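The structure that follows is given in the form of structure tokens.
Chain nomenclature is as follows: A, B and C, assigned in order of appearance, with residue numbering initiated at 1 for each chain independently.
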Amino acid sequence: MTSTASLHSVTHNGRRTDHEAAAANPFTVQGLTVAYHQKPVLWNVSFSAPVGCLTAIIGPNGAGKSTFLKAALGLIPKLSGETSVFGAPIKKQLARIAYVPQRSSVDWDFPATALDVVTMGLYGRIGWLRWPGKRHRAAAMQSLAAVGMQAFAQRQIGQLSGGQQQRIFLARALAQDADVYLMDEPFAGVDAATEKAIVDVLHQLVVSGKTVLVVHHDLETVRDYFSHVFLLNGQPIASGAVEDAFTPQNLQKAYGGRLASTQLQGLAAAAPHKA
Amino acid sequence: MHAFWQAITLQAGYNTALVCVGAAILGASAGAIGVFVLLRKRTLVSDAVSHATLPGVALAFIVGQLLFEAGRSLPLLLTGAAISAALGVLAVDAIKNHTRLNEDTAIGTVLSTFFALGMVLLTVIQSLQVSGQAGLEGFLLGATSGMLFSEAVLIAVAAGIIGAALLLRMKEFTLLCFDEQFAATSGYNVKALDRTLLILLVGIVVIGLKTVGLVLIVALAIIPPVAARFWTDRVPVLTAIAAGIGATGGYIGAAISASAPDMPTGGVIVLVLFTLFVISMLIAPARGVLAAALRHRRFQKVVHLRQGLLSLAHNEPVLEPLTARLLRRNGLLRGDGRPTPEGASLAHKTAQDQLLWNAYKQQAPEEALLMKDWSLRPIQEVLPPDVVKSLQDDLSLDSAPSANTLRSPL
Amino acid sequence: MDIFLQFDFPSILLGVFAALSCGLLGNFLVLRRQALMGDAISHVVLPGIVIGFLFSHATASWPMLLGAGGAAIVSVLLIELIRRLGNVEPGAAMGVVFTTMFAVGVVLLEQTQTAGVHLDVEHALYGNLESAIWLEAYSWRDLFNLSALSALPEDVKLLAGVSLVLIVTVLAFFKELKITSFDPLLAASLGISPQIFGLLLIVMVAVAAVAAFSAVGSILVIAMFICPAATARMLTDSLKIQLWLSSLVAVFAGVAGYLAAAFLPPMLGFDGSVSAAGMIAVVAGLLQLAAMLFAPRYGVVWRRWHLQRSS
């Protein structure tokens, strides 16, 4: 098995090999199968995230995109499959991953300020029996500033708009300072300005060498925002660079009759013709 | 044992027989109403209802004592209980709808403060030093031993009326639980229906106070429907089974309680109901634990076997230990990780079958997504031959594997 | 004053410590939508204390506490089992388990003829707050006198100890309790197991319920798990402030409720006293009612008024 092999090289040769493995496989999922009520939602999905790229996970509703992230992270039970992060099992590499759940998954009436929520991104590193200190709050403030939300630090989260809440979630992921970012529908229900701000932050992450995976449902913006795509519909349909994988044929495969042919033409027309 | 036999065959005296039958009617009505409360996901509202009866009982006693010198009159006490229980329900809804607190918190608030108020009033009554207050303690845990004949008749008749009222409105309640919005757009007054259901619930709780006691009466509305849920998915059947379980629990429980010393009626009825619940949970074929476990294991095997065969077809190594074990056990995989000839041919056929399934999913993604058997069974077994044929033509597969040769080893 | 110190003061202490330990934990229960877990657990301790009593033949003893704790844990496991295996919604699973466990307790009580001896169901519901006495106290200075303090009733010492342990535990795991309550998915992805801290919370709830139970009865326990936290929830948007406020409300209800029960009836020319535990719960309920109506920003009246002014 590849994962054990690279795990050994990590323990024997130290950081350097770690970097090599990192360069090769920041986030790899093998044979993932998940079923709800005896009906497969994900079927034998294998996927390796391209290193240092911004990848969109796309597919129709019910295709299992969110389920893919959650099951790969081990947050929900799976029938089979393994996830490795930089060559080691994900359980040992949680510190190198930042996960952003869907905004609707939490209770926004919870008594917490924006700063509180961002500081939560650091909890994994603060250690047992310790409270977040000045240093942590300063780091959280920096992340808030990165998404343009420093003015709202002391605001109760329920009083923020949908877009602002999503920025808080993004800031929290930034505070985690991870190597791999997994985001579930960060653009759902946000205003145009927030969408632009989030895209900018994602691009900065990629420029600094991070690997970013985003569950996305707006096909129109795929070409503008992402360099790679992973098409999923219960099974993996295609993955690769946008110009190679985001083709009308693959979209037809993933979405079937749900995309009108004019829509497909439109998406295809946006494709730059390769020389 | 002899005494129990006498009680259960209604030969242990007129009063005992009446109590047993009354408890059965009570159990049936409570179980049936509980079904709709469960389906509305408001199970624990009944807990608030029952606890909220106490201040009403105590106040009715005080009022009765002051006005007529007859605090123990059962109809009066039950009227008081019903009024304060109704106030409790209104309070739960008001807190839930008008403050930021959620329903659980609202239920807990009403339950504890109403009950505490009742307790304070009870201690007031104690210090009033009036006669006849001993019977009030019976409302906490229920007591049938000292029950008057007229009281037993009252309980049986009232429980019967409530059950009948539920039957009359069953269609509307079903709609309310299944699709509130549809019910509203079809011209039903959803608010009034909801209130009717809660009034019936309050009624049955109040009726049951004397027999089962206010702490345990909720069990009659909770346990039978939850147990019945394991047996069926259809509302009318569910209601019938819940009523049956409730009736059985009430009848047997009351009989045991009447025939043995120191057997409090409420407690025994609840224990009988719980026994029926455990049996249902374990062996019910529709949603029971054993049936589900068996189905899950079979399903897991099918999934792993199919994945394993597909891996073999694509010349990938089989990494999952469970998959490899299943393949080996079925003679499809050799010890060195290579497929046996049988395995290789089955893998090839499975791969072709998978191609057909994938093609089908492309053509009809909605149907495929809803289909339970998608890519789990050979396509010929699931789809009509002409559909399969056209898929084959599209893929231009020379000859499709027939259903026979593709039969999975399970 | 001596009489107050000897007879009323220890009862007030009991009420305050019980209210404090339950009230503090209630914050997390309310935020996790598990408010009724306190209700369920305080019902299920009955069979536990009966079994404990059968072993020791004495009330307020360690076997009873152990039995109650055991019953609480058994019922939490049962609820989870029924929820997971049977695919039953949490409220219904809770309802099945706590009524059954309570029924076991009731039947055991009657069957073993312990009823009426020292232990009865009414006692379990109402508690026995008023019976605490501190005869060794002669003046307020005895509060700083170790030998006099050690003569405080066992219940008071136990509850004081439990309160301290619970407060320290909540402080120690504050951030874990907070993150697993707010965003369990994120917590799990950080390696902070929501299951483990969910269990820790339930164990603490069981400990608080069991320790407070024999002194103040299950109804006050339930009220204290919910009312102070709900009151504080209406008043603030900061978890830290909410914890402080709820503790304050709990302590106030403990003192005011007891005083009302002891001194209000005679002042109204009424002979005898009323249940102190019940009165404390009623006071807590009234405080919550006031907060729901008049709290700035979230209170019903406040919101109505602002709506009218803006329109």
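Keep in mind that, in the parts below, contacts are C-beta pairs under 8 Å (C-beta built on N, C-alpha and C of every residue); 3 or more make two chains touch, one makes a residue touch a chain.
Note that the coordinates shown come from a computational prediction; the quantities given were computed from them, not determined experimentally.
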Next item on the list: Please flag the chain sitting at the greatest distance from chain B, going by CA centroids.
Entry: A
Checklist line | Top chain pair, ranked by number of contacting C-beta pairs | finding: B-C
Notebook entry, point to check: Using mean CA coordinates as chain centres, what's the chain B-chain C distance in Å?
Noted result: 29
Note to self: Centroid from C-alpha atoms only, then distance chain A to chain C, rounded to Å. What do you get?
What the structure shows: 42
Next item on the list: Take the average of all CA coordinates in chain A, do the same for chain B, and state the distance between these two points in whole angstrom.
Entry: 39
Next item on the list: Mind pulling the residue numbers of chain B that touch at least two other chains?
Entry: 100
Next item on the list: Give the residues of chain C that touch two or more other chains, as numbers and ranges in rising order.
Entry: 233
Item checked: In the complex, chain A residues that touch chain B -> 1, 30-31, 33, 35, 38-40, 43-44, 60, 62, 79-80, 82, 109, 233-235, 252-253, 255-258
Item checked: Touching residues (chain side chain C, partner chain B) in the complex -> 30, 33-36, 38-39, 43, 82, 85-89, 91-96, 99-100, 102-107, 110-111, 113, 115, 121-122, 125-126, 219-220, 222-223, 225-227, 229-230, 233-234, 261, 265, 270-275, 277-282, 284-285, 288, 292, 298-300
Next item on the list: Mind listing the chain B positions that touch chain C in their complex?
Entry: 38, 41-44, 46-47, 95, 98-102, 104-105, 107-109, 111-113, 115-120, 122-124, 126-127, 137, 140-141, 215-216, 218-219, 222-223, 225-226, 229-230, 262-264, 266-268, 270-271, 274, 277, 281, 287, 289, 292
Next item on the list: Using the touch definition up top, name the residues of chain C that touch chain A in the complex.
Entry: 31, 172-176, 178-179, 181-183, 185-192, 233, 236-239, 241-242
Checklist line | Interfacial residue positions of chain A with respect to chain C in the complex | finding: 70, 73-75, 94-95, 97-99, 101, 105-107, 110-113, 116-117, 120-121, 123-124, 126, 129-132, 156, 158, 172, 176
